[in-house]
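In what follows, chain A forms one complex with chain B and a second complex with chain C.
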Partner chain A sequence: MTDEKKPAGIVRRDFLQTAGTAALGLGITGLPTVLRAQPASVKIGLIHPVSGFIAFSGNQCREGALMAIADINAAGGIKSMGGVKLEAVLGDSQGKPDIGAAEVAKMAEAGINGIVAGYASSISLATSQEAAKTNTPHVVDVGVSDQIVSRGLTNTFRFSPGYGKIADFAVANLDAINKAAGSPAKTAMIIHEESLFGTGTADLLSKKLPENGIEVIEVIKHANPTRDFTNIVLQIKAKKPDLIIPANYYNEYVLLARTMRQQRIEAMGIYSVLGGAASNYKFVKEFPEAAENIMDCNHWFNPKSEVALARKAAAEAKGLVYTYEVFLAYNAVLGLADAIERAGSTDKEAVNAALSSSNMDMSFMPYGPTRMVDGQNEGAQPVNTQVLKGDIEVIAPKEFASAEAVFPVK
Partner chain B sequence: MPDLAIIIPSVLNGLTTGALYALVALGLTLIYGVLHIINFAHGALLMVGLYAVYFLNVQLGIDPYVALFIVPPLMFALGYALQRGIIGKASHGRDENILLVTLGLSIVIENLSLFVFKSDTRAIDTPYSFEVVEFLGAFLPLPKVIAFAGALVTAALLWLLMSRTDLGKAIRALAKEPKGAKLVGINAEHVFAMSFGLGIACLGVAACLLLPSYYVSPQVGHGFVLIAFTIVVLGGMGSFVGALIGGLIIGVVEALGGLFLGESLGQIGIFLIFILVLISRPTGLLGHKV
Partner chain C sequence: MRQLALLGLVFAIIGLAPFVISSDFTLNAVIMILYAALVGQAWNILGGYGGQFSFGHAAYFGTGAYTVAVLQVQLGINPWLGLIAGGAMAVLVAAIIGFSTFRYGLRGSYFALVTLAFAEVLRILSNSVPFTGAGVGILIPLDQGPANLQFVTKQGFFWVIWLITLAAFVTVWWIGQSRFGAQLMAVRDNEDAARALGVEAFRVKMGAIMLSGLFSGLAGVFYAQYFLYLDPYIAYGPAVSVESLLVPIIGGLGTLFGPLLGALGLHVISELTREFIGEFPGISLVIYGIILIAMVLFMPRGLAGLASRLRARPFGTRAKAAEGSHA
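Right after this comes the complex of A and B.
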């Protein structure tokens, strides 16, 4: 052991040694990323069906995603990257998976940093598959098919629930509502659209409902678009089910609900799964009588969250109808931005890793803590809503409920 | 196997739906069948008519049936102007140019409406939207019953116009023998524009009768345009009665096809009938050999 006496003050050699170590250290720890050359912006690809037969929903998604980008930028951008702003790069899938995939390829070639897509399950499957080729982080906003997150793609994430969980939830809650009323409902008819979303949901419900004592007497598939629902409604009328369960897109839902009213259909309840009057303020406003008492099991915001209500007010101030497409796309952008923030860079590996370990606070949704398992947020869940006195109320789960369920209606 | 309690209402409903298809096809049979203009903008122009009816109702409180006195004349003027100002000039008399011009028009109109109206689906709620007429045990929606009557009246008026007026004679002459018609002093450009205007005015009538039971969005025409072309060929090019009968047949076949084959497969019936008629009667049901 030596007892070397150091001279007072800073000598040249010590200064160089300290400064060199500090410079090396700062370079490694990533703290000075703000000092490094930063991209002018973080480019987020938003690919939605803004034209074609599901254009309404696609545009709602786009608007929600753009609102999120505007809010994040207004709050200072990506702070870990020196406040660099998000930049939206818009793509239109036209409602077709192949065009959605082509948009991804185009954006990937142009150096996109992350993608939020694609509203419909079939489109989301194609866009995420294409994004996987370049390992581009891809967050699915609305697509509910469980296939989306079960293909082992390390770049694909979803913050909202898939239809497996939604079907479980829908059946369990329907069972609870039915039992609370003395189990009057014994039969159901499912009316669904023909794509992956409608078919998958109908398959799951057909398997699960009988386990809870509700016989599915008929499952009817229809095309998109369907110009007339009278045939289907006549079949409902003939079979007289206790419950009618639609799973379709908005335009077809409007026609179906109107035709059911015209044909004087009387059922104990209309219980929509993923899409219906009780998750659309527009339908409730335009057809209050047809919408009254309809129940939905769908994506919804936490009606007790100040943040959620403020976002709803902001969307409505922009003239938007606050449908689930708006807030799910908003959340998808939020999740991606949160991952980029934590990654501190746009490095694809780092962003995907950050998405995998996402623990974003989503108390503005009726979700538990965010927990990603194979790209799926296991904390996500749907809620049950019902149109009561011209407004949409949450009726389950209890901790988020704003009203009691009214059942049976007839 | 569905029983009669479903089949009868289904057939009646097919007839009323078919009348709506016929209304859309009547304008097309005049433009496509008589003038041989393949109007790809037909669906987009139907959408324009539907928006006109929608905004007259929402902004000014004008009932869609009162709008019958406003929208068809406006649509006539639009059609006349389009033919005179764009289609006629840009096509230089060549059929393939007309096809491309109307295709371009449809893209421009649809994208403009997407930009202006957004992709929002809009519907109107009238006091009679949910009214029904009971007939043979079936509940027929009142707006569709009115549309059925409207299709009959429109087809009759068009037939009268074509067979009893000078304009009708001029249109027929121009369709059959353009050079001869011009030689006898028919103003071809004016008559072409009048015909196109009349075809688009029919879409105005269709829009007024359709909206009380349907919706409007920038893509709404897509669901009707292919079926309208099918009806025109099925009924016989240029035959208004043929278009009416063709529309009704398609409506019934679609309804029964949906009932027996399922809603997705039911559409096949339409095109099977179409192919069968073309094989057995290439000129269509009421078409004449040229």
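Right after this comes the complex of A and C.
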């Protein structure tokens, strides 16, 4: 019973200790790392909500992670371990934290070497906590809740920005965009969905926007799903805000934007924070008129990076819509593989230590240098995007911008 | 008494799990089966024995879960006290719902719809008021230790859920033996006739809904401490209400062991479909749904009914008996 729970690495180490003593007796003073017995593959658990109500995003995450594994293997696998290949072990959380946690427990026992999960914050909280019980390295791909990395779990890491940073960035950049245009926007309305993401966004913006001279004249919460935005849009029409700030998931965002277009809402701008559809090529392609000029503060790739553009092209060649789920999951696998490479083994403590000291080059993202503090990459940041002439352009920060902001629209 | 002995034996065997199972995943599966059996048994008290079909057991589950979470996070009250408070608050909510519905004679689909509405109202409230964390939800700080009702290993959680579930099953056994239980079943079978015989239907139904609420609330407390995160959808969403009624319907309504069989059956089907076809997103859920429909269609008395049917009919006579039953 005890032996089953003992990690394989420890057993190997015990064996090597004995063998090493014998080898010293023969005058051999050591073995190169790569000549030691290596596992047949490095198992990476990918746990995403590939079925259930957020299945589209979950599948996007899975595809991104699988692309990363394929690319790493094609480039020679984990070289410090003699070219061992990565092997994906797939799990479906069905959008439920308890099932996500059960998947982690199952994978941990199957000898998983690291986990990338879990798209939604609530699922990431559960999976990382379960992984912490076996100290299994766990990289969160998309979940933005700051609580994910503030619980003191030494196995939990995130290469993408957290919610606090995104919200601060969104407020500061909106202020900058408004001021650059001569501060025409004085009022705003926030329309948000009811869960953690929408409510958190609305609360934060309601506090911060007045500090920048923008009065929040109305905050409207809606349920998930909401299939008719007519009443909400009529309220917007009546209040005539300068800015409309939506914070909703993809379907609701699309419906809201379409209804605003149908009702001929005229505002100086639509500015989203983590807008479900605002930085999504599918939305831009399917509803170009509704999407035009919408600004968003969101995860995005560096449009000036050849590597990023090549990955986008590769994803599109596979028929994928290149959403942030794809490249954030890709990056999470990349960060985990980089740590295993530097650790030179799959020893959990060594991999966690390597993740803690990660300085992976992420110039394909609009980030600063990678620097992990309590599991969070402090170099990560969002960008501002805007839909211009049927394409998604980066408008801030300046060093990554591919276009100038168009504001006010009217 | 034979049933009580059998119950003791079954729980004694389940109690061996932490000693014979070294796999955390398998022990987690046993914990989740016990948890599902608990929510199912809670529903079974009211729905199976009392004939009052509730579609809103999430109201009690969520209240228990939020009580322990809010007391801990907002007021720093120890979760062991929260366990008691969670159960008590769920009983209070059950009493309010019971009084509002039974007092005015709501039955059948009317009762089902009103309970669904209560759960939905609580979901919207928890989504709006700040002390529950509103839509953001509430995260219980990770502070492992038995004093905080958080355990480093799964064994600790196992014993907590084992004890609560055992208490629920012993209560249901008692219902099956007691005068209260006889009155409850009389109300289920024919409320007007029961009244004519002097049964105080309102009092009996109130007792059943409060007992049912208690165990649902305790299941909610357990969930909150096990996963340490709640949001309105997790706590008061329809998934909990559906699971609560699905478990005894599959296992056997109004039977002592039905919820345990239902929980076991559902978990095994869910795991098997995920294991063998989990790589094709959504297909496992489709297969799971088809199996459930088939079970409801062909086993109207659930797994417990199937077990007693098999016991009652030796192999040689089964075909003949089946013919007779169709006649």
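FYI, the second predicted complex is superposed on the first by the 376 of 410 C-alpha atoms of A that agree within 3 Å, B and C clash if a C-alpha of one lies under 4 Å from a C-alpha of the other, contacts with A are read in each partner's own complex, and residues count from 1 in each chain.
We take it that a residue touches a chain if its C-beta (ideal position, glycine included) is under 8 Å from a C-beta of that chain, and two chains touch if they have at least 3 such contacts.
Just so it is clear, the structure is predicted and the values come from calculations on it, not from any experiment.
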item	value
Contacts of A:194 with chain B and chain C, given as first, second, both or neither	both
First, second, both or neither for A:50, with chain B first and chain C second	both
First, second, both or neither for A:147, with chain B first and chain C second	second
Touching partner for A:404 - first (chain B), second (chain C), both, neither	neither
Which of chain B and chain C A:230 touches, first, second, both or neither	first
First, second, both or neither for A:250, with chain B first and chain C second	first
Partner chain(s) touched by A:262 [first = chain B, second = chain C, both, neither]	first
Partner chain in contact with A:238 - chain B first, chain C second, else both or neither	first
First, second, both or neither for A:59, with chain B first and chain C second	both
Common interface residues of chain A - those touching chain B in one complex and chain C in the other	50-52, 55, 58-59, 194, 221
Residue ranges of chain A in contact with chain B within the complex	50-53, 55-56, 58-59, 194, 220-223, 225-228, 230-232, 234-235, 237-238, 250-251, 254-255, 258-259, 261-264, 282, 286-287, 289-290, 321
Residue ranges of chain C touching chain A (in the complex, touch as defined)	22-25, 28-29, 32, 127-128, 134-137, 139, 141-142, 152, 223, 226-229, 231-234, 239, 274, 278-279, 281-282, 284-285
Footprint of chain C on chain A - complex, ascending	1-2, 4-5, 50-52, 55, 58-59, 90-92, 94, 96-98, 101-102, 105-106, 108-109, 122, 125-126, 129, 133-134, 147, 151-153, 193-196, 198-200, 203, 221
Contact set on chain B toward chain A in their complex	2-3, 5-6, 9-10, 13, 17, 110-111, 114, 118-121, 123, 125, 129-130, 132, 139, 141, 213-215, 217-219, 222-224, 254-255, 258-259, 262-264, 266-267
